[in-house]
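Okay, so chain A shows up in both of these, paired with chain B first and chain C after.
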Partner chain A sequence: MDKHIPPRLDVFLDISTYLTGFPLIDLQSTGMAEVYFNTIVAHVNPQTIDQFYDACESILKLKSTEAINETIEKELIPNGNYAGLGQKIILMWYLGTWDGNVISAQSYTQSLVWEVAETHPPGAKQPGYNSWSEPPIKINC
Partner chain B sequence: MKLSFRKKDNPKRHLLIPEADQSRGEDQRFEQSILLEAAEHASEKKSIEDLKADLQTAMDLELSTIPPYLSALYSIKEGTNLESVEIIKSVVIEEMLHMVMVANLLNAVGGTPSIGTFTPNYPSQLPGNVMPQLIVPLAPFSIDSIRTFEKIEHPEGALQFLSEKDKELARNSADSSFTGIGEFYKAIKDTLIKLEKEAQNKGESIFTPNRNQVSDEQYYGSGGKIITVNNLTDAIQLIDEIVGQGEGTLGTIFSQEYDPKDDDYKLFGPDVEEYAHYFRFKEIRFGRFYAVTDSAHRDSPNKGLPTGQPFKVDWGAMYNFRPNPKLSDYDKGSALYEKSLEFSKTYTALLKNINLACNGQPDQLIKGVTLMYDLKYKAMELMKIPLDDGRYTAGPCFEIVDCD
Partner chain C sequence: MENNTTEYDVVIVGSGIGGSIVAKTLSQAGKKVLLLEAGLEAGMSFQKKEAFDNYMGYLNTFYEKAAKVPNSPYPNLKDAPSPDVLDIEPITACQPSTKGYLVQAGPLPFGSDAWRGPGGTTMHWLGSTPRMLPNDFRMKTLYGVGVDWPFDYNTLKPYYEMAEFEIGVSGSVSEQKGPDVDVERDYGENYQFPMKKVPQSYLDKQVIESVPSGFKVFFNGKEHELQFVSTPQGRNSIPNADYPYADIVWNKSSGKLQLQAEKRWNTFTKAYEHVEQRHATYSPVGAVWDDHQGHRCEGNASCVPICPVQAKYNALKTLRKSDPKHIAIRTRSVASKVLTNEETGEVTGIVYKKYENPSSSVFESHVAKGKIYVLAANAIENAKLLLASGIANSSDQVGRNLMDHMVMLTWGLLPKKAYPFRGPGSTTNIPTMRDGEFRKDHAACISPIDNWGWGWPKFSPGSDVENAVAQGMFGESLRNHIHHIVPRQLLLHFECEQTPEPENRVTIDPNYLDNLGNYRPVIHYSASDYMKKAFAEYKKVSDQIFKAAGVQDFTEYTTDNPDHVEYQGKVYNFWGAGHIVGTHRMGNNSKDSVVNENGQTWDHNNLYLVGCGNMPTLGTSNPTLTMSALAFKTSEAILNHLNS
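Moving on to the complex of A and B:
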C-alpha cells in the first residue's frame, strides 16, 4: 500500500459505492481508486471538487439509504451540478474513461461494465486458449 | 516418511558457493568421506508401495512450492520488476510441469496420483521431511522472500543451514533430516532402478506403458517439454530433468562448465539457456543476470555470483499483503471472507482439474488454463484491498475448500 493516501479518498470511495451500486470491496479490488481520484484532480477545478466532496459528506451523513439515494439524484446527478462530477464518476468506474477517453490500460481492463455484462474485456485479461467463447468462470458450491 | 540420506561427496558440490563470503578450510575442500551404507540400505528395503508413496510426496513437494512463488509473483505491481516477474514466472511454470511429470511417473508404476486433497498450512515445512529447518511462508515479493526461495532450491539441501564444520559431521551421519529436494529425488531414482531390476529378473516390469499419461498434446509451451513414462529410461530422464531444473546438482550454472581456456565457450556461451532455479533467484537478489562466463564455483573470478547485465529490482513496487492469509482471519459472511473464499474455491477447482487430468482425462488440462488465469486475477484483486490496520492489504488464501 502507498503510504501517502490522498485526503478525501474515503469520501470519493464512499460516494462511489452509491453512485455505482457496487460494494466498497469490489471498488477497492479494481485497484483503480487512487487513479480515478487523481483523474478528477487533474481535470476539475479544485474549488468545484471541494464543494462536491462537501456535498457528498453531508449526503453520506443522512440516516437512510433511501434518503442518500434520493439526495444524490437531486444534488449530484443533474447536468451542470458540480461540473457534472456525479455522472462522470459513474462513467469512470463503469467504462474506465474520462470525457470519452480511456484513462489507462488498467482502467479499460478494470471497468465494471465487464463484470455487469458477465464477459471478458476484449483483447485483455487473457483467460486461456479457446476460452473467449465461454463466459467468465463462476464456481458455484 | 523415512527417506534415505545421500552423501554429498561429489567434489563439484563442495566447490559450490552458497555465499561468496563463506570460506572453507583447504583440508576440508576435497575431503572424501565414505559413502554411507545407510543410504543403500534404505533404497534396498523399499517396496513398490513405498515408491508410490514417495512419488505422491514428491508431487506434494512440488505443489508446496507453488503458492509461495505465486504469492510473491502476484504481489509485484503491474508494469514493474519485469525481469523478476519473468524469472519467478519461469520457475513456477517449471514446478507445475514437475508436478504433472511426477504424476506421469506415478501412473506409469501403477499408482493413483492425488491432487487437491493436500495443501500446506503456511507458514509450513516442506513435505517429505525435506529440510525440516526451513519454514516457508506466503509473503509478498521482498528480499527475504527471495532468500527463502533460494533456500528451497539450494544445491546443498539442508546442509546449507550448517557451519562448514558441522556440514562435514552431517555428511558422515545417517540423519535423514539433511535431505534436500535433490537427495529426495535421488532416493526415488535408486528405488526405481532397484525395483525394475528385480522385476526384470523375473521377466516382468514395474512400468505399464501409456497409462494415464499427460503428454505434450495437453501440456505445451511452458517450462520445457513434458516427459511421458513408459519404461525405466524415461523415468530416469524425468527425474534428472526435475533435479537439473531445480537445484542444479552438477554444481554449475550452465550445463557446460566454465572454462577460461575454451574460446568457443567465451564466444558462444554455455549449452543451455535456462539454468537452475537456485541461480535464477540469486539473479533477482543481486539484480544482475549471470554472464555466460560466470561460474558457480567458489574459486571462480566471479566468486559464484552473477556479474552479467544488471537489471532494476524495485523492492517497494509490490502490494504488501499480510503474510500467510487465511480464511479464518475474517468473520464468516464478511465481504473480505467471501472475496477470499472465491479465491480458495478457484484454487480448489484448479487442483481438482489437474487431478482429473492426471487420472485419465488429460484433455481437462485445457480447461485448467482458464482457471489458472482466474486464480491470478482473483489474487491480484485481493492484494488491492487495504486492511483496517493501514499497513497491509488482503491476500490470497491457498486453502482447499469444499467445492465440486
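Moving on to the complex of A and C:
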C-alpha cells in the first residue's frame, strides 16, 4: 500500500531547496521532511499555511532561478508575511528548531548547519579518534 | 527522627570525584563506608543496564535542549537543586538575584555551575588536567599575594601521580613547558602519563604555525616568549606502553598508599588480581555500562556537557571500583546538618533528609553514623553545610575566599579555515602567562585554545545562522556565508587566577531555603583590581596574538553581560570556569584556616573535608587534578587515623 503523503509536501520540499540552498536529495536524506511539514501544521493556522503554499506554487512556476530567488526575497523572507514561515522553514532545516525550541532529538542530529560548517553535530555522528587533527574529510561531495 | 543503627567506619557525603576517590580507596582497603548522595540513584547503579539506560536518557535530553549548557542533559531536582549558568542575571544594587538555586548577592554574579547528582560535576567537566606549578604553592612568599600552601609541590607529587592514574590522564610529559616548568624536576626522570597525548587539533596547528617562531608578547612592561603546549587531559587515548603502574593500593605496614605494578583491582570480579609483568601496561577505563566502549576518544566534540561514549573521565568510573562488600550507597539523601558533641568536639552523626519524589517537599530525617565523617559535596555545599551546622569555624574562614578562574574570552576569524567544532574542547594551551614577577601586579592565567569556535560566548554556529536569516539571507548565499565564516572561528580563553578575598564568600540566610527546608547558598562575589588589571593586560596579549596570526578580532565586551567590569575606562567581560575553589582552606594553623594539610578540620578530630574548597590558592591549572591528589592524601590520612 502506498504510504500516505500529506498534500503539498512536494511544495514544501521544492520551496525548501530554494530557501536552504540544499538540493532535494540532501533534504530528503535527513529523514525530517514530514516532521518539519507537520511542525508547521501544528503551529500555524491552516489558512495562512494554504496562502503560503499558494504563494510558493506561483513562485516555483517562474521561469528562471533568478526570478524565483528575487520573488522569494520579496514575498517569503519578510517576517511580516505568512507568519514568518519563510525564515522559520530555513531555521528548521538548519538548526532543527521551531521558535528556538529543538523539535526532537533527531532534528538536532539531522540539522544542516553542521554539514555547512564542515563538521558534525556535537555528541552525534562522531568522526573517530584523531579525526580532529586533520582537515575534515567530506564524504558526500 | 530515625537513627540508623549500623555504624560505619566512614560516612561520606557526595559521589563526585572527591567523594568517589575516598569511597573507592577506603572500601578497597576493607573499611565499611556509607556514601550519602543527594541526587537520584539512576546511573550510580552497579547494574550495567540501568547505568546504560540512564545515561542514554541524559544524551537524549542533551539533544533536545535548545541551550546546550553544562547542566542541560542532567535533571535539576527541586529537592537537591543545582546552580545553573542559565540563571545568571545582572544584580541590581541591594537586590540579590534569586532566580536560580544560588542566591546571588553580588555585586557580581558568580559565573559557574556544578551538578548535584551521581558522579557530580565531572559528568560535564571538560577534563583538562594540568598540574599546579611549584611557585603556585608559595604565592605569599614569592609575590606577596594570597597565602602559601602548608606544603610544597614535592609533598603533593606522589599524590599527583595517583590522581593521574585514577583519572586516566593522556598527555606528553616531555612536551610540558612554560615558566616554572622543569620536566625533570617536576615529574621525575622517567615519569610518563598513563596514556599518550590526545592529538592536538588541526586548528591548534594552524594557530601555532601562523605565529612566527620565537614570537614575544608584551605585557606588564616586559616581553614574554609565546609558547604552546599540549594539554594533559582526562580522556582516553592510546595507552602508554612505558607507563609502569597497575593500580594504587593501601600498604598497611608502611601506612602509605602506593602506585605499584603487581596487582590491579578487577571491576568485574571486585577483587585484586595478580598482574603478569607483560600485561603491566595501563588499561583504559571505558564506559560504566560496558568497559569495551569508550577506550578511545571518538571525537564527539561534546565533552561539556556529555561524552556519549564515556571516553572522558567521570567520577562514576571511580565509584564503580569501590568494593561492594564494604560500601553502602544511599541516594535521594540530602545531608543537612552535621551533629557534634559540644564537649569533645567529635562529630556524632550527619542528619540527612531522604525524599522519594524529588519534587515533593515530603522527606524523612535520618542520622548516619560512623567513626569518621567526610564532606565532599563541593566547595559551595561543603561550606554551606558547615555554616548550617555552626561548626568547624573557629577561624571564621568557612565560606570565605571563594575563587574561580575568571575567564576572559577573545574571539576572531582566522585568515584560513581551521575547522573548529571538532574533537575535545581544548587540546593546546599557552603557558606563557602562568608564572612570573608580574604576579605581584596582576593575576596569572592559563590560555587554552578552544576547539569549539565561538560556541561559548556567542552560541555559534546556531546564532550565526539566526543572525544571517534575520538579516534576510537565504538559499545559497546563506549556505556560503556560514560555510565561509564558521570554519574560521577562533576562541581563546584567558583563565585568570582569582586570589583569595575574605569578602568573596558563601553565607546562609534563613530567608532563603530550598524545597526541603535546607539552606540555599548565598554568594557574595566581586573582581578586585588585581583581576581587572589582568583582563586589561591579557586583552593586549590577545591583540598581539591576533595580529601576528592575521586574525580579525570580533571580541565585544558589553555592560549587558552580567559579569562585566570597568577598568581604566574600558569594559571587560568574564565568564565562570566551573572551578569552585577555596571556601574551607587548608593551612598551618587553626587561626586562619579550616583544615590541616590532610583535610582534617582543626575543630573536629573526626571530620575531614574533601574538594577544591581545601585549596588555599587556585593556581592557573584547572583544579580537579590537584583536588584529586589531595583526596588521595586525605584517604591515606583517614586510613592511618582508623588504624591508630
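As a working rule, the second predicted complex is superposed on the first by the 128 of 141 C-alpha atoms of A that agree within 3 Å, B and C clash if a C-alpha of one lies under 4 Å from a C-alpha of the other, contacts with A are read in each partner's own complex, and residues count from 1 in each chain.
Definition applied: a residue touches a chain if its C-beta (ideal position, glycine included) is under 8 Å from a C-beta of that chain, and two chains touch if they have at least 3 such contacts.
As the structure is a prediction and not an experimental result, all values here were calculated from the model.
Of the two partner chains placed by superposition, only chain B is touched by A:25; chain C is not. By the touch criterion defined above, A:41 reaches neither chain B nor chain C. Contact with chain C, but none with chain B, is seen for A:102 once the two complexes are overlaid on the shared chain. When the two complexes are overlaid on their common chain A, residue A:126 makes contact with chain B and with chain C alike. When chain A is checked against chain B and against chain C, the one touching more of its residues turns out to be C. In the superposition on chain A, A:67 makes contact with neither chain B nor chain C. Of the two partner chains, both chain B and chain C are touched by A:134. Overlap of the chain B and chain C interfaces on chain A comprises residues 106, 126-131, 134, 136. Looking at the complex, you find that chain A touches chain C at residues 18-22, 69, 72-73, 77, 86-87, 90-91, 94-95, 97, 100-102, 104-106, 108-109, 113-114, 116-120, 122-124, 126-136.
By the touch rule above, chain C contacts chain A in their complex via residues 59-60, 62-66, 68, 199-203, 205, 237, 296-302, 306, 308-309, 417, 419-424, 427, 451-452, 461-462, 465-466, 469-470, 472, 474-480, 482-483, 486-487.
Residues 1, 23-25, 28-31, 106, 125-131, 134, 136-137, 139, 141 of chain A touch chain B in their complex.
Residue ranges on chain B touching chain A, taken from their complex, read 78, 319-320, 335-336, 339, 342, 345-346, 349, 366, 369-374, 377, 380-382, 384-386, 390-393, 401-404.
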